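Each in structure tokens, the structures are laid out below.
In the two assemblies presented below, chain A is common to both, partnered first by chain B and then by chain C.
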Partner chain A sequence: MSGDAANGHAAGGGGPAGEGLEGQHALGVRCEGLSFWYDEGATRIAALRGVDLTLAPGASVALLGPTGSGKSTLLQLLRGLLAPDEGRVLIDGLAAGEDGYEERERRIGLVFQMPEMQLFAATCRDDVAFGPRQLGWSAAEVDDAVTSALAAVGLPADRFGARHPYSLSGGEQRRLALAGVLAMRPGLLLLDEPFVSLDPASRRDLEAILRGLRATGMGLVLATHDVDRAYGLCDARVVLDEGVVVDAGPWRFGAGGEDALLSHRLKLPFVVELWRRLGRAAAEAPPELAAAAEALA
Partner chain B sequence: MSLIEIRGLRYRYAGADDDALHDLDLTVSEGEFVAVVGANGSGKSTLARLLGGLARPAGAARAAVCGHDLCDHEGHFAVRRDVGVLFQNPDNQLVGSTVEEDLAFGLENLALPSPEIARRVDEMLALYGLEALRTREPHLLSGGQRQRTALAGVLAVPRRVLVLDEPTAMLDPAGRDEVLAAVRREADHGLTVVFVTQEMDEVLMADRVVALASGRAVFDGAPAALFAERALLLSLSLGLPPAAEVGLALMERGVLAELTLTLDDLVAALQAGRP
Partner chain C sequence: MAIAQYYPRASPIHRLDPRCKVVAVAALVVGLFLRSSFAALAVYGLVAVAGLLLSGVPLGWVARGLRPVVWLLVLTFVVQLLFAPGPAFYTLGPLHLSLRGLAIAGYLSLRLVVLVVASLLLTLTTPPIALTDALAWLSRPLRRLRVPTEELALMVTIALRFIPTLMQEIDTIMKAQRARGASFTRGGPLRRARALVPVLVPLFILSFRRADELALAMEARCYLPGAPRTRLHPLHAHRRDAVVLVLVAALVVLAELI
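Right after this comes the complex of A and B.
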């Protein structure tokens, strides 16, 4: 089954979270018949089977599905960390090996689960600079990228640049790890369960940062079990189950759209559930709690 | 009767400049369900480890858990028999090559007779809905099934206290519901539960909630009382369950008279307010 996940989100005025990161060329990605197997001794386990998917430039897409459905594998294939056993990934219409593909693939940023486990440098600035330095940028370019990235995640370089990453709080460490990816100026940002284990305030901070990045026109793919935040941040959803895309496209509720979530071990966003319980049209449930309260008042 | 009676508990990680737990007080009675919340780094997981005897406190005026002294070398080992701990990632605590082997592991360590181990394993498989999976390899199960297996393994050994450290963080919504239902059932059968969580709606399962900040308990009361303290919640990096967030916004607009904590409450309050 294939899906066209989302049209681009209209690029609005970048909030403070996205300042310095505007104007990056957003990447369009297409997966064609992607399959991938993990070797488990004698047996091979299919992680993805024939995934067709289109991510329009600047689209923000929630990647949903039960544990083990293939979300993390798909992110790693999109980033080129794994090579598909079948099928291919096209970036801006280019296939692997074609001129300009590598440069574009490098601009797909992946934030792993619990990325703060990979912080290693003695200062925040050095940690964020690691990626840009690998790209062979000049010292001035690296400096500029690091400063913008730190600002974008709310850890301004003048206050945090010289600090040791381990002196930061858990939420700050997660944001620092995000800055390390943003410093490479991605045109598409992939996030694997970015809210897991953060306290509520840190989740709110991270959500605001992602909202700001989206407003700069940066594409987002958010793999998460947090359906409420996914609904608030993303225009569209892709539902994976057992390695197959079972649903893709803009959120739709009412007329059976709920089944795409409920029959795959997922739940409905809180606001959608509330709208249903109140006998309101679920399709009109606003994506954010504040807007829901506004509508009810 | 108090199963946990702690006064002035201190703990510091090797090489750290500050105490992870600092002068912490906590009392939990037999059969109570207590949630523990707090910002990242406030000491929740450290507390869970100490309660389970997985580390020894730097000191305490009193640190009695199930009658064992946590500060005492023997006591902090002995408490492991009475207190079961379930962590966030089941893969770090599943040890068997099949589900039933995993459930038998703790019982075998107690050197119980084989028929008794077999009987107890069967009982736990049935209770946790794992019979059909008994010969399966744990790493091939879904996240929810793995965490249920880990929980059944922890509780196969009869425990007096269950400590949970963000047990649903890695799970999909259905898996989360399965694990919470299992915890709920154990609590309803009288097991004493200490539940560390970042999920504000999970706090509503508890009789009492303790909020930590910088290694100290700074709030101890009913969940509804914590969620009514808006300024305190913000200062502790906490939040509201979604129904309370919408409810609070509606209270501020004069639509609702009282804070609603659950979806059911919110729906009922809105429907009652309708002409």
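Right after this comes the complex of A and C.
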């Protein structure tokens, strides 16, 4: 099923001043007939089957689906860490091998699940500088990128720069890993389950950071089980089940819109669920909710 | 890619006690090297092939097991063929082709094949944990010399169990660093070695953390090093194991006499 998740947020560039990360041009990505299999000994497991998807520059998209639906695989294919068995990925209309494709591919940032595992340097500064250094930037550019990235994630360089990554708390480490990717000034940010294993306060911090990034015009693809945060951060959603896109487009509820989520073992955003229940006969609703409905009406 | 590829199946070979299989294969290997004759090789070869057929393991898996030694095989064959001493029927400088060379080349290559097939027979039909148990039992006499065989066996079991986990983690960490622009294929050996630092450091950290947690978990379940431990699946020797051992002994004697 073809998906056009382009609605919603305006295309990138020229957003309100983020923490020095504005200005890089957002990337648009399209998948055509993307398929990928994993070989497990004697068997072949289809992770993705014929995925067609369009992500406009600057769009914020939630990638939803039960575990094993292919979300991580799709993200890795978009970033070029895996080569598709069938189909292709187009970045800004360019296909792999074409001039300028590689340069754009490097500008897609991918934050893995539990990204703290990628931390290895002796100081926070050094770890965040790893990415920009690989891109061959000058010392001054690297320095600049590191400082703005650390600022963007709430770990200012003057306080955290010289600290050892492992001396940070779990939530701080998560943000440090994100800074490592942001320092490369991505035009599109892919996040694989960024909220997993974080306490509520850290989740709120991370959500605020992502909101800030969105405001700078950066494109966002959020693969997550946290439907509530996805609903809050993204304008559109893509639902994957068993490697197939079963729904794509802006959020819609009512007239069967919920089925896209419910029939694929996903829950509705709490706000939507609440409205559903309030919508039922007052006699069914617990007295507190009935009173709230009255007050909100 | 697994270290000890195990192919599960209900065959007479699979049902044998792992201790019996280890001793039998060890005897075959020793016998192979004791005697250098095509006749003996034929006996051992037939036994290995018979064992394979009885085990019901697909030939594809056996072929895959042989792949790592293909180059060694070719090298052995070619070197022996070209340089072995003996009455030559063709010489070209240092190259020296003789019928004897051909015979030696053939013998050594075939022996290598039989060796690999025999050990494949062991690993394809025995789960790694059972193998470890067998080796632990067989090395028990070493306890008299204060060698901690039980603990060593446990270490091997834990290592085996975590190999797939570690491989998965290496893959993930490498991908994460590649996403930050790291390359593990560029440059000479020194550069590539340095490129592994961002992979090895996190891997070590993860492994140490895991070791800590595993040790705590084991202690919480009352594990005490050195205390006698029982097994969920204790090894039971059956009559068929004794029969196989006797047969193997007979074959070795036969091979010696031929």
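In this section, the second predicted complex is superposed on the first by the 270 of 297 C-alpha atoms of A that agree within 3 Å, B and C clash if a C-alpha of one lies under 4 Å from a C-alpha of the other, contacts with A are read in each partner's own complex, and residues count from 1 in each chain.
Definition applied: a residue touches a chain if its C-beta (ideal position, glycine included) is under 8 Å from a C-beta of that chain, and two chains touch if they have at least 3 such contacts.
Worth saying up front: this structure is predicted, and the values here are computed from it rather than measured.
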First (chain B), second (chain C), both or neither touched by A:120: second
Touched partner set for A:202, first chain B, second chain C, both or neither: first
First, second, both or neither for A:110, with chain B first and chain C second: second
Chain B versus chain C as contact partner of A:134, first or second or both or neither: second
Touching partner for A:259 - first (chain B), second (chain C), both, neither: neither
Contact breadth on chain A, by residue count: chain C or chain B: B
Chain B versus chain C as contact partner of A:227, first or second or both or neither: first
Contacts of A:98 with chain B and chain C, given as first, second, both or neither: neither
Residues of chain A contacting chain B in one complex and chain C in the other: none
Chain A to chain B touching residues, read off their complex: 40, 45, 65-68, 169-171, 196-204, 225, 227-228, 265-267, 270-271, 273-274, 277-278, 289-290, 292-294, 296-297
Chain A-facing residues of chain C, complex: 169, 172-173, 175-183, 197-199, 201-202, 205-206
Complex contacts: residues of chain A adjacent to chain C: 76, 79, 81, 106, 109-110, 112, 115, 117-120, 130-131, 134-135, 166, 180-181, 184
Chain B - residues contacting chain A, complex: 38-41, 88, 140, 142-144, 166, 169-176, 198, 200, 234, 237-239, 242-243, 245-246, 249-250, 253, 255, 263, 266-267, 270-271
